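Each of the next two complexes has chain A plus one other chain: chain B in the first, chain C in the second.
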Partner chain A sequence: MASIQSALTDADWMKLSADLSSQIGELRARAVVLDLTLMDVMDSFATRVLRTLAQTVTLRGAQTILVGIQPDVAIAMVQLGLAQRLDGILTALNLEHGLDMAEALV
Partner chain B sequence: MKLDTLTISEDEVISRKDFLEFRDDDLKALVDAHEMAQTYAEPVIEDFYQYLLSFSHGRSFFQDPVVLARVKQAQKNYFLDLTRGDYGPEYVKNRLRIGAVHQRIGLPFQTYLGMYNWYLRNVANRFFEAYADNPGHALKLLLSLTKLVFFDVGLAMEVYLRTIEEQQEAIKELSTPVLQLREGLLILPIVGALNSARARQLTEQLLRAIASRRAKMVVMDVTGVPAVDSKVANHLVQTVAASRLMGATVIVTGLTPEVAQALVAIGVDLSSVKTAGDLQSGIEEAELLLGYRVVKVETAP
Partner chain C sequence: MSQEYQRVPIKSEADIVLARQGGRRLAAELGFSSTDQTLLATAISELARNVVQYAGTGEVLLSAIAIGSRRGIQVSAMDQGPGISDPELAMRDGYSTGGSLGLGLPGTRRLADDFSLVTVLGEGTTVTFKMWVR
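And now, the complex of A and B:
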């Protein structure tokens, strides 16, 4: 599980991405839950990183679940056309729902 | 339309008068005509109601003789107000009030304008009669009066426009309830035409409800939406996508055969949207996905 703080720089995103994909192997993880509750802005770069991350995770044999996207962020993402890029990634309302979902996968 | 909410700031009044170029000499010309106005106020008002009552729609508004007498008195007061020279806050308030009264009895704005036009024409004749030896002055006086009348018409129009806005607000609030049917299942019945503003408000309301009610499924029923064009369909797709980002699945129900055909014909891609024929099957599917099983209780006959 990873919780993402409100302001991540582009470099932070890249590091998170690298860390996660290596840890999936070490921990033999089947699901990655990314908590985005604290994020109040979601730009195209962050969306792209999430997508690449999800694809990498899939290749490593696990599933990504995004949780805690806020209403305003969701609206903004849809209006910017970023939502389609996350097609195929699982989503859940909050951490609790996301963990339930992850348990069902494991 | 509540009267106490109906105000126009002093700055706005000044800027409107300024735009009409209503200046001190206009005011003076009107005040000078006050004496003349007093002499013909009565006959003009009488003529005015005779004219008004000669039309069937005019008659329909002033059937009651008591009302008619009161309206005539009010009209006479207004008539004299026009040349009284005091066009301050009290005057503005009165104009707004009169506008609100006309709006409330359902007088069409066209009739309102027609009445003003008749009044201007009638008074113009009287001006030129009174100043037969000096038509230049009559014209100047008429132009000053026209400025003031346009100012008044603007105030009356304000009432009509604000009423329309208020009604639109009310309709917007009324028509987007988000209802919880079961734990984790919301129903969103959409009734009435969708435009961009309403669709955006609807999306926000739904997303907030998803967060607060911890919903996993939403059944959106569009049976009550008269027409679904590409714009509206796009809004629906966006609402569905935004809900998905928050972890809720949306099932759209109630797309009538005509609407479905129209959507296919204009080439809207709804493949990313889950649909069900009617509200019932949408709810059944949602219950199934949430793990509910509805069982009929067998009661002894």
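And now, the complex of A and C:
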């Protein structure tokens, strides 16, 4: 489970991606729950990082669940055409629902 | 027409966050809805990222604008980078030379008013758009 802060720089995203990829192995994780509640903006860079991250997680045998995308952020992502780039990635309303979903996967 | 100016130098990735936060703050002051604040901040993020990615450095200008009782924000992202060799192609969804999703410019144009892209090879690029309080 990782909680994403609002003002991540590109370098932060890259580090998160690398850290999570290796932790799946260390923890033998089946699911990665990413809490995006605090994200004020999801631009094309962040979307691409998440997509790449989710693909990596899939290849490592786990599932990515994105939780807490705020209503305004969701609207902006749809309008920018970013939402479809996350097709196939599981989402849940909040952390509680996301963890329930993760438990169901295990 | 301009009443207020804010200049955000873009020198590194961290400045992308400063630019979009500045835009959101100004939008909130002017009475933009929270959805439109987020749209504006996302658009600024895309343009500022283009500056960092393709030109290295540049700046974002945020201005409060008004026509009659209508209030809005004008955003300009400018750099003295290499310019865009095929601006028409750059405006197409999914096109990118920088390994991104290629949605920054077309997405911004879709959600903004008076979008303009001025680019001169070897001299730089300026992207300007407006958003109005709805």
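The definition used in the following text is that the second predicted complex is superposed on the first by the 106 of 106 C-alpha atoms of A that agree within 3 Å, B and C clash if a C-alpha of one lies under 4 Å from a C-alpha of the other, contacts with A are read in each partner's own complex, and residues count from 1 in each chain.
We adopt the following convention: contacts are C-beta pairs under 8 Å (C-beta built on N, C-alpha and C of every residue); 3 or more make two chains touch, one makes a residue touch a chain.
Just so it is clear, the structure is predicted and the values come from calculations on it, not from any experiment.
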{"item": "Superposed partners chain B and chain C on chain A - clash or fit", "value": "fit"}
{"item": "Partner chain in contact with A:Leu59 - chain B first, chain C second, else both or neither", "value": "neither"}
{"item": "Vertex chain A, arms to chain B and chain C (CA centres, degrees, nearest 10)", "value": "50"}
{"item": "Which superposed partner A:Val78 touches (first chain B, second chain C, both, neither)", "value": "first"}
{"item": "Which of chain B and chain C A:Ala92 touches, first, second, both or neither", "value": "first"}
{"item": "Touching partner for A:Asp40 - first (chain B), second (chain C), both, neither", "value": "second"}
{"item": "Partner chain in contact with A:Arg48 - chain B first, chain C second, else both or neither", "value": "second"}
{"item": "First (chain B), second (chain C), both or neither touched by A:Ile69", "value": "first"}
{"item": "Minimal inter-chain CA distance - chain C and chain B, angstrom", "value": "8"}
{"item": "Common interface positions of chain A, toward chain B and toward chain C", "value": "70-71, 73, 75, 77, 79"}
{"item": "Touching residues (chain side chain A, partner chain C) in the complex", "value": "7, 9-11, 40-45, 47-48, 70-73, 75-77, 79-82, 85"}
{"item": "Chain C residues touching chain A - in the complex, by the definition given at the top", "value": "13-14, 16-17, 20-21, 24, 34-35, 37-39, 41-43, 45-46, 49, 93, 100-104, 106-108, 110-111"}
{"item": "Residue ranges of chain A in contact with chain B within the complex", "value": "66-67, 69-71, 73-75, 77-79, 83-84, 86-87, 91-94, 97-98"}
{"item": "Chain A-touching residues of chain B, taken from the complex the two chains share", "value": "200, 203-204, 207-208, 210-211, 214-216, 238-239, 241-248, 272"}
